[in-house]
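Next come two complexes, and both contain chain A; in the first it sits with chain B, in the second with chain C.
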Partner chain A sequence: MTLEKVPLGVPASVKDPVEASVTSVKGPPKGLTKDLANDSANDSANDSANDSAQGFAKEDAPEREVRGGAGATALEPPRYLGGRRRGPVASTAVRVLVPLLLLAAWWYGTASGAISSEILAGPGAVVGALGELVATGQLGDYLLASAQRAGLGVLVGGGLGLLLGVVAGLSALGEELVDPTMQMKRAVPFLALVPLFISWFGVEETFKVVLIAVAAASPMYAYTYLGVRGVDRKIVEAARGFGLTGTRLAFGVIIPTALPNILMALRICLSVSLTGLIAAEQIGATEGIGYLVTLAQQYYRTDYMVLCIVIYAVLGLLIDLAIRGVERVAMPWRGQVAAR
Partner chain B sequence: MWTSRRRTRAALVVAALSLTALTAACGGADTAKTAAGAAGGKGGGAVLKIKDPGNSGPLAVAKKEGILEKRLAEVGATVQWGGSYASFTATVDAVRSGSINVLEGAISPVLGYLVSGKDIKIFAFTDPVTDPAAPQTDGLVVKPDSPITSVKDLVGKQVAVNKGGRGEYLLLLALQEAGIPADQVKRVYLNPDQGASAFATGKVDAWWAIVRAYPEAVAKGARVVVHGRDLKDQDLNMQAARTELLTEHPEVVRVYLKVLQELTAEAQKNPEKFQNVFLDQGPTAVSGPRLTDEIARTRYAKVPRFATAADGAFVTDVAGIFQKYGVLPTAVNPNDVIFDLKPAA
Partner chain C sequence: MSVTSADTAVSIRGLRKAFGSKTVLDGIDLEIRRGEFFVLLGPSGTGKTTLLRILAGLELPDGGTVLAPRRRTTVYQEPRLVQARRVLANVILGLPRSAREAGLAALAEVGLEGHGGAWPATLSGGEAQRVALARALVRDPELLLLDEPFAALDALTRLQMQELVAELCERHRPAVVLVTHDVDEAVRLADRVVVLRHGSFAVEQPIDLPHPRDRNDPAFLAHRRLFLSHLGVATASH
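For the complex of A and B:
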C-alpha cells in the first residue's frame, strides 16, 4: 500500500507510507485524529475524524485478509465496530434512574421533615399547585404566551446568528466584518441590556421578543461559525468537483455538514430563551411561565416556585427530545458513522 | 481566487435571502403594532396606562367590571391595563418609558425617581390608618427565639430592608427615634421576596417586612419588635401620574381618582368582594387566615384624597430622613412633586 492509495482525508502530515498504511489498517490512526482535532476544536471535526478512520478500517479489512496468506479462510470481523447499544428498555431504565433518585430524595426529605416546607415545598404541594394552574386554565395560557415569545425570539435571533455565523464561516471578509462585533456582543450579558431595551422598546411584546432574540443570537452565531469553519475542505473540493457552487454548495454541502453544530446551537438557544423569558416576563407581563416565577416570588408561594423549576426541567427534556428527533430526520447518516 | 470569489458570492446570496426574510418578518410586526397603536389612541383622547392590578383591591374590581372604561369614556378617554412588575425599580422604568402613566405606592420609593426626574407628580394621598383595631401592615420581624426585643438590640446586627423604599425609611426612622446611629446597624438591601428567603433561612437577624410580606412573615411565626404605626411614620400612600397627563388631561385623572374613591368606600362596606377578584385558585389567590386578615385590612382602608400644598410636609419629612443618611443625594422640593388637581370650587 503506498501513499497514493491512501484515501482522501488523510492529512499530508502523515508522510511515511509505511506508517500511513499501518495506521490505516489497524483502526483509528492516532496522528490523523490528533491533526484534525487540532485543526478545529469542535465536535464535528472529531466526529468526522473518527468516522473516516473507521471507514478505512472497514475498507481495508478484506485487503488484509487477502494479504494474510492461505491460512485465512473466513472473513474476520474488525475489532472495533462502534459501541454496542443497550436495548431500549435497559437504556430508558438507566436514563430515568438519576432523576428518579432525585425525586425520591426530595420526597423523603420533605415528608420526613428534614427539609422545612419554607425552604422547599414537598412534591404533594407542588402537584397541588399544578392542579390549581390546570384547573384555572392558566397553565395552558402561560405556556402558549411564553412559547410565542420564545419562538419568535429564537426565530429572529437564531436566524440572525445563523446568517452571521455562515457569513463569518464562509468568507474571510465576512469574518473580519462580523466576528469582532459578535465576540464583543457575546460577552455582554443580555440582562445588562434590560433597562436600555425598556427605554428603546417599551415594556410590551417587542421588548420581550427582542430580549430573547439578542440572547439567542450569540450561541447560534458561535456554534454556526465553528461548524462552518470545521467543514472539511476536501468535502467542499469534492463537491466543487461535481459542479456544486454558490447557494447549492452552501445549502447542499456546507450547512448539512455543519448541522450537528447548528442543532446543538438550537438546543442552547432554546434553553437560553427560557432564561430570557424569566427576565422579560418580570416586566409588564400578565401571563407566561417567566411571569409565574415572578408571581410565586411576589406572593411568597414556595410550592409555585418549585413548580416553576419542575416546568422548566420538563421543558428542557422536551426541547432535547425534539432536537433529537430533528437530528434523526435531518441527519440520517449520523447513526451509522458516529463514534457512539 | 476563483474559489474564494465563488464562496463569497454564496455567502452573499445566503445573507441577502435571510435578510429579506427577516425584514419581511419585522415589517409585518411593525405594521401590526402601528395598527394597534392607532386603534388605542382613537379619538385623540387621553389613555390611562395602569399596571396590572392583580387579584385584589379596588383597581382589580374596576378592571373586572369595566368601571374605569365606562367612566373614562364619558370624558373621551380610555384605559389600557398593562402587565405586572417584579420590583418597584422595574415599575419606575416602565413609567419612564411611558408604558405606565398612573401608579400608586408609598412616597418613599418614588423619591429616588423624583430627585432625578420631573416627569411624574403626586396628585393624591391616602391618610394613614390610625384605628388601633385595624390590622398592622408592616413591622420589624425577628425569629421567635431571637435575642432582639427592642430597636436598641439591633446594634451590630444585620437587618434586611428594601433599598430606598418603605422598609429602609421605617428602619432609619426607628433608629433615629431610638437614638441609635444608623451606621451601627448593617442594612442588607433585599427586595421583599429576597428578604423573605434570607429571613426564613436565618441569613439576616431581622427584616422590616412590608405590604404582602408582613402577614406572610407573621403567619410563619415571626415575632414583631416594632410596627410602623408605633413610629412617627410620614410615609403615606400616594397616587402619582406622568406630568403631561396631569397638565393636559386633569379631568381624566380626576375621574380616575373619583372611581378609586368610590370603590375604596365600597370596599370598606363589602370587603369580601375585593379579594380573589379574578381567581379563587392559583398563586395570587388567598384563603384561610390570610383571607380573613386581608378582609379586615380592606375594611379599615382609607379613601384617597386630593393632594394639597400642605402635604409637602410628608414629602419633606421622608426625603429628609433619606437625605440625612445618604440614601438620597439631594433634597426634594415638595412644590416640584405635588400637583394640585383639586378642581377650583
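For the complex of A and C:
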C-alpha cells in the first residue's frame, strides 16, 4: 500500500534532485521539458536555465505535518464506482420480459373468457385475421400502397424541411426569413389542415401525399436546424477560410457533421408519416393500412383493430432498425472512435 | 488598393481595432518580408490573435490599411477538422479532387503517410494538429498564419511540433506570423519577435541565431530574459 503514501508528502526515499523535482515541483511544465530535452541537466553551467526546477529541489524539504496520524482511517481497496455491464443475453432477456408478460396476460385474459371478444380479440383471432389478409393478398397490396404514399410524402416534405433547416441554420438571413413561419407551422397540428387540403386537392393521391409531406416537413426542419446550429462555428470558420461557401460548404462540412440529427429527424418523419396515413387513408382510399383501420372501425372487428395496432408496432420497429442500419453505413466515423 | 512587392508579404499601416470601449490594436505599423518568420508575443487578451484574425480576413479593422497576399492560410489552436470526413478529405478541403496527390504528399511531409484514410476522431491531439498543418501546407501559402498552434499540445509533442514547423518553413519559405505567449517558442522559431502590450508594440527584436537553436546558448537566454521582462515576468539573474 505504499502507493497510497506518495501524494501525501515528499517521500523521504527520494534523494535524487531531478527525481525530486519531478515529483514535488508544481511549477511551470517548462522546467520539466528542459530537463527532458537536455541530457546534461546536472551540469552547473546550465543552472540559469534550470533555475526554477533545480532551485526548488536543492532546498531542504520543509517539515510539514502529515495528514492522518491518530485519526487515520484504515486502508482499503478503492470501491469501484463505475457501472457494471450485464451480458448481452441477460440484457436481451430483460428487454423482452415486459412485452412477453403483456402478451401472456392478453392471451390468458381472452382465452379464459375474462375479457370478452367484443372488448378485445384474442391473439388467436388476430393471427386468423392476419392469415385472411395474407391469403387474399390484401396485406401486401395495402402495405405497398401505404409505403408509396408515405415514401413520396416523406421524400418531398423531408427534403423541403432539410433544405429549409440547412438554410436557416447556416445564415442569419435564412433564419430570419424561414424560422418564424416554420415555427408557426410547427405549432399547427397537421390534422387541422385535412379539411382545407380536401377542398384544395380532393381526396385522391395528391391530398394524401401532400398531407404526409406537410406532416414530415416540421420535424425534419426543426432537427436539421438544431443540428446545423450545433456544428462547431470554428470548423465552419476554418472551412470558409479554405474557400468553401454555399452548397460546397453545406455538403462538404455542414450536412455530414449534422448527420446524426438529420437521421434522428428522418426517424421521426417516418413515424409521423404513419400517423399521417391513418388520417389520409380514412377518406377516398380503397387500400392502405390506414384504410384497414377505417374498415375495422366500420365493421366493428376487434381482431382487425388489434391487427392494425400490431402492424403499426412492427412498422415502427422496422423503421428503427432501418435507421440504425443507415446510421452505421452513413456515419462510419462514429463506430471507429475508441474511448479517447 | 493593392501593392505588388517582390519582398513584402504583409504591410500594415495605422491599424486600429476596438471591441466596445477596449482598444486592442492602437495604430499598429508592420511590414513582414517574404520568407520571414515573424512572432507576435504577448499575454492573453492583448489583441495578438485579433491582429492575426484581421490578416486572415476573419475580423474587420476599425481603421488603417492592411495588405496581405491572397494565398494565405491559417492553423488554429484547435485542429478544426471535420470529424465526418477522412483525414485526406480534410487536408484537401475546398480543393479539387486533383489535389489528392498533393494532399498525400503533404501528409507524408508532416509524418502521417498512410493516415489519409483514417477518421479524425482516431487521431491523437498531436496527429490532428499535424493534419491541420498538412491542410495549410497543401495550399502552398505565401503567408502562413499560426494562431497558438501548439498551445493545446502536451509538452513533449509541442517540442516535436515546433521542430516540424521550423523544418517545414525552412523548406517552403512562406512568410509566417506566429501568435504565441510562449517565450521559448518565440525565441526558438522567430526571425523577429514583437511583444504586443496595451495595443502597441512594446519591443521589437530580430533574432539572428543559427538554427537549430540551443536553449542554453547565452544569446538565447538573453533574448528570453528580455521578452520575459517586457511581459512583466521577473527572472532570476546571474
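Operating definition for what follows: the second predicted complex is superposed on the first by the 230 of 340 C-alpha atoms of A that agree within 3 Å, B and C clash if a C-alpha of one lies under 4 Å from a C-alpha of the other, contacts with A are read in each partner's own complex, and residues count from 1 in each chain.
The definition used in the following text is that a residue touches a chain if its C-beta (ideal position, glycine included) is under 8 Å from a C-beta of that chain, and two chains touch if they have at least 3 such contacts.
Quick caveat: nothing in here was measured; it's all calculated off a predicted structure.
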item	value
Chain B versus chain C, judged by how many residues of chain A each one touches	B
First, second, both or neither for A:Asp320, with chain B first and chain C second	neither
Which superposed partner A:Pro332 touches (first chain B, second chain C, both, neither)	second
Chain B versus chain C as contact partner of A:Glu76, first or second or both or neither	neither
Chain B versus chain C as contact partner of A:Leu259, first or second or both or neither	second
Partner chain in contact with A:Gln138 - chain B first, chain C second, else both or neither	first
First (chain B), second (chain C), both or neither touched by A:Glu176	neither
Touching partner for A:Gly241 - first (chain B), second (chain C), both, neither	second
Common ground on chain A, meaning residues reached by chain C in one complex and by chain B in the other	none
Chain A residues within the chain C interface of the complex	29-30, 32-34, 36-38, 45-49, 51, 55, 232, 234-235, 237-239, 241-244, 248, 252-253, 256-257, 259, 331-333, 336-338, 340
Chain B contact footprint on chain A (complex, rising order)	116, 118-119, 129, 132-133, 135-136, 138, 155-156, 159-160, 162-163, 166-167, 170-174, 195, 198-199, 202-204, 206, 240, 245-247, 249-251, 282-286, 291-292, 294-301, 304
Contact set on chain C toward chain A in their complex	56-58, 73-74, 76, 78, 80-86, 93-95, 119-122, 124, 135, 139, 155-156, 158-159, 184, 215-216, 221, 236, 238
Residues of chain B defined as touching chain A within the complex	3-4, 6-11, 13-15, 17-19, 21-22, 25-26, 29, 33, 51-52, 81-87, 90, 93-94, 96-100, 192-193, 196, 200-201, 212-213, 216, 220, 279, 281-284
